[in-house]
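Two complexes are shown next, each including chain A; its partner changes from chain B in the first to chain C in the second.
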Partner chain A sequence: MSANTALAEKYRNNFLKEIEEQVEMGDWVKMCMQCGVCSGSCPTNFQSAWEHPPQELFMMIRAGKREEVLTSSSMWNCTSCYNCIVRCPRKLPITHIMHGIAEYAHRIGLAPKMQATRFFSGLFWKNCTHTGRVNELKLSMGLYFKDGFASGIKEGMKMKDVAIGLVLAKRLNPFELFGGHKCKDQKGIQAMLKKAYEIERSRKAAKMAG
Partner chain B sequence: MTDIVATNETILVVGGGISGMTAALEAAETGKNVVLVEKNPALGGRTSQLYRYFPKLCHPTCGLEINQRRLKNNPRIRVLTLAEVTGLEGGIGNYTASIKIKPRYVNENCTGCGDCERAVETEVPDPFNYNLGVHKAAYLPNAMAYPQRFVLDPAIIGTADADRAKAACKYGAIDLDMKEETIQVKAGAVIWATGWQPYDAAKIQPYGYGRFKNVITSVEFERLADIHGPTGGKILRPSDGKEAKNIAFIQCAGSRDENHLRHCSRICCMASLKQTHYVREKYPEDGKSTIYYIDIRAIDRFEDFYQKVQADASVSFIKSKVAKVTEDEHGNPVCHGVDTEGYKRYTTPHDLVVLAVGMEPSVKGINIPGHIVADSSGFIEADPSNGAVFGAGCATNALDVNRAVQSATAAALRAIQVVNKVAKAEA
Partner chain C sequence: MAKHEYAFYPGCSSQKGASASNYLTSVESMCKTLDVKLTEIPDWNCCGASIGYAEAGELPRHVMNARNFALSEKHMPGQEIVATCAACWLGARETRERLTHSDTLMADTREALKEAGLTINEMPNIRHMVEVLIEDLGFDEMKKHVVRPLEGVKIAGYVGCQTNRPFGVDGESFENPQYLDKMVEMVGAEPIPEYEQKVTCCGGALAFSEPEKAQAQIKDIVESAYDHGAEMIVTPCPLCQANVEIYQGQINKTYGTKFNIPVMYYSQLMVVAYGGSAKDAALNGQVIKARRLEEIAAKPVKR
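Let's look at the complex of A and B:
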């Protein structure tokens, strides 16, 4: 039984409770009074980018629309501008809830695989933990080739003038493609991350077990 | 020196709005002696600044006139205007209040003829009209002011204008030597009816009050609709004097908001529903009202009032808390937000935006003399540790006129019980 099915079974017909217990800041969801000031304040034009604005997501959670919420790309579109948090009359930490739901959907394997923010987050993490330094060249190339070789070349050509400009301004080093710069104590970083993973794994396992 | 006969059987009423007047009258009409203290030059408070009341849409002058008549006929009530309680000592059945009285510079010889007003040249902002207009520095506070006596603004004292006012008065009513004084008044019980003030709309930054001229508050809108107001009863917008026919009402401006007022101010939904009637009354052909709301709270039996407004084709309801207001190149305020019915974004220009501002107790943040228990919004609670200090009207909660009067009557009854006990003990 996958993590998803196990959790779906556990919280059958009570998706709000699942969000409250499993999602960071999820216990705030019930405080929403559906005034709509969060989505009205959102600088992303969610009409095209978001399937569901925050207050609709909150209502869907209460309505038990588990599949629709967790597979949605909406919460991945949050840019963390914090406008909604500042204006929310009930002081809901909306930005954090969006990230919390996204993280939960990712954790149980329901998040849309090729959603650009999710993809980029994974890429960034792998990139910076590998050497302890962010390799910007590999990071941006990884994002360009997200949807395959042909579209990667196409995307890259579109941006070539910017790239040449960056190289000339010494903001982009083409030799970073071969290895790249590293931090001094790479082993130390790896050990630290290993320990952090362990702590997180045991914490989340305990949470999932309820 | 103002001389007042007050004893431990006297009831002190602080605040001369509709609640304070009611409490004073109810107590006095049972035979108690009352001292009524009002900080403004005239009684009536915020009720007198309304154009009409809901739900019957009659003019507040009517209800106030009845109370003024009762006051005039009752020798047991001593009214002090331009007076503020600055200290309160003692306990149940034995209070002493310090009352600071500001000079009016006009004595009781005044007949209200208005010769001083015509003689004076200086103009000062008119607080009765929420400073939307100006009046002369010798003025009657409002058309049906009680007491019906003129006031001289302190700004002209010591200038030629004051001398002109004195020279113009045929009745020797102007006394430029009046000084501020503080008196002590004894009382057995105190009724605290200091009322409410509109929440400072400038604090709701995204709505642009103070930055955009055509964003006003609901209390200012009352004055625009009133024939005694700065526009003579025409709904004209402040920026250019253009007729404002397409008006947006934004509900919960400050209320039900953890960043501003925690409580629901209770009256604002009904106030906006009422104000849509003003729009239709002034512009029957092409007036248009849009109410932006979270949910309409037409308190208990006023649901039918709401339904009638809903049936009015000139009024539309948008279920949404407006996220922000901007201004376009024509000076029109533009409302931005998301309609939560269908989750559609809107960007809608209007001629005028009226913020249905919340109520906060007017003594919030000011030291109430003595130890008084208040809730998290600053409203006075009924608590035994308050002794014989009883809250009345909007000092205790966000109330409409009807409920404020009920609350004041209840407070009067509590105060009467206290002074009755004092009387029995002293007999």
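Let's look at the complex of A and C:
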């Protein structure tokens, strides 16, 4: 049984409970009073980027629309501007809930595979935890080449002028490709993260069993 | 001994050859003038930034920040941690808040840290460099060192998101923070209080992953600066700086605009106003050159 099927079975007919137990800050969702200030405050909403703004997602969660919420690209459009957080009259940590739902959808394999920000988000985390510090060149290259070599060259060419400008200003170092900045105690960082993932997984599993 | 001492968390973007290396150079010059001593946290690591959320989870993300706290405590016990990057500051502050409010999270964090041979006994204060300037030094102290006021230069103060929300600077409003305009005034330049895009989001990490969305926002930010007669934009955030500066060429292609406005850090303005050279202020780090500042930086200093 896949992780998704197991979870769907366990929380059958209670998607809200699933979100509360499995999503970071998910227990806040029920506090939403549907005022819509978050939706009106979201910068991406002005460009009709959201399939579902936060307020709508919260109601969909309460209505048990599991598939629609978790496969949505909406959460991935969050720019982390925190406008929704500071304006919410009920003080819901909306930005974190959006990240939390996205992370959960990604964890159980329901997040849209081709969503560019989902891809970039995973890439960023891998990039920065690999050596302890971000390698900006590898990060950009990894993004451009996500759909293969040919399209990578094309994407890279689109960004050529931006990159040249940065190289000339000494703010992008082509040699980062062959190493770059890193932490000394990478072993310690890896061990520490491994432990953190273990603990987090066991806490989530305990909630599911409980 | 320096007047003010802090444990310093420079962050990934400020490293040599990285996108905000010019920020760090100018901060170092600025701190020299202001007698602020920053000691880099040995072997500090990335904060994970807000965009790492797909795989960061909760505990791993906080553990990354907690490692920096532990290193700071080990090497510089009792010192506050100062970050220059908005994302580093926000990430670290968020971790501080979460760990302080949850004993479980704190215990789990300590257990993970043990794997790296580290521990936390005391939770450090996390400050942004602008907080240090405003709260620990104050505008009068900052102004005392101005020997080359940036007279007649009109500058749009672009605060952006993450130095402003969700924590922000104490005593400032989220909708219309004033401190950046006051800093512009302090260096002798002309602020634009009616610049209404000062807290608009630059698109953050979406500038990489979904550039058309981010660039639509950047266009508004730049356009409004022009509409208000700004000669340059100033910001306290490395990602705001990069996003607003480096995509102007692409925006011009998409929208038929003719944007070419320099985007500076507050620290660069201060270094020039404090009599520093273009090199001290890292003006060579601009993709869109700040000619007016270069001219001022070449002038003799009024003492």
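Everything that follows uses one rule, which is that the second predicted complex is superposed on the first by the 206 of 210 C-alpha atoms of A that agree within 3 Å, B and C clash if a C-alpha of one lies under 4 Å from a C-alpha of the other, contacts with A are read in each partner's own complex, and residues count from 1 in each chain.
Note that contacts are C-beta pairs under 8 Å (C-beta built on N, C-alpha and C of every residue); 3 or more make two chains touch, one makes a residue touch a chain.
Predicted, not measured: the structure shown is a model, and the values here were computed from it.
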Chain B versus chain C on the shared chain A, clash or fit? fit
Winner on chain A touched-residue count between chain B and chain C: chain C
Can A:Lys91 be said to touch chain B (first), chain C (second), both, or neither? first
I'd like to know which partner A:Thr79 touches here: chain B for first, chain C for second, both or neither. second
Is A:Leu172 touching anything from chain B or chain C once the two structures are fitted on A? First, second, both or neither. second
Where does A:Lys113 make contact in the superposed view: on chain B (first), on chain C (second), on both, or on neither? neither
Contacts for A:Glu56 in the overlay, against chain B (first) and chain C (second): which applies, first, second, both or neither? first
Considering only touches as defined above, state whether A:Lys184 meets chain B (first), chain C (second), both or neither. second
Is A:Arg12 contacted by the first partner chain B, the second partner chain C, both or neither? neither
Go through the superposed model and pick first if A:Cys35 touches only chain B, second if only chain C, both, or neither. first
With chain A's C-alpha centre as vertex, what's the angle to chain B and chain C, nearest 10 degrees? 70
Once both complexes sit on top of each other, what is the least C-alpha distance from chain B to chain C, rounded to whole angstrom? 7
Quick check on the output: what are the common chain A residues between the chain B footprint and the chain C footprint? 47, 87
Considering the complex alone, what residue numbers of chain B touch chain A? 206, 252, 256-260, 294, 319-324, 336-340, 343-345
Residue positions on chain A within touch of chain B in the complex are 33-37, 39-41, 45-47, 52-53, 55-56, 87, 89-91
Considering only the defined contacts, which chain A positions touch chain C in the complex? 24, 43-44, 47, 49, 77, 79-83, 85-87, 93, 95, 99-100, 102-103, 106, 111, 116-122, 124-126, 128-129, 132-134, 136, 139-140, 143, 161-162, 165-166, 168-173, 175-176, 181, 183-185, 188-189, 191-197, 199-200, 203
Can you list the chain C residues touching chain A in their complex? 12-13, 15-22, 43-46, 48-60, 63-64, 67, 108-109, 111-118, 161-162, 165-166, 168, 174, 200-201, 203-206, 208-210, 213-214, 216-217, 242, 246-247, 249-250, 284-287
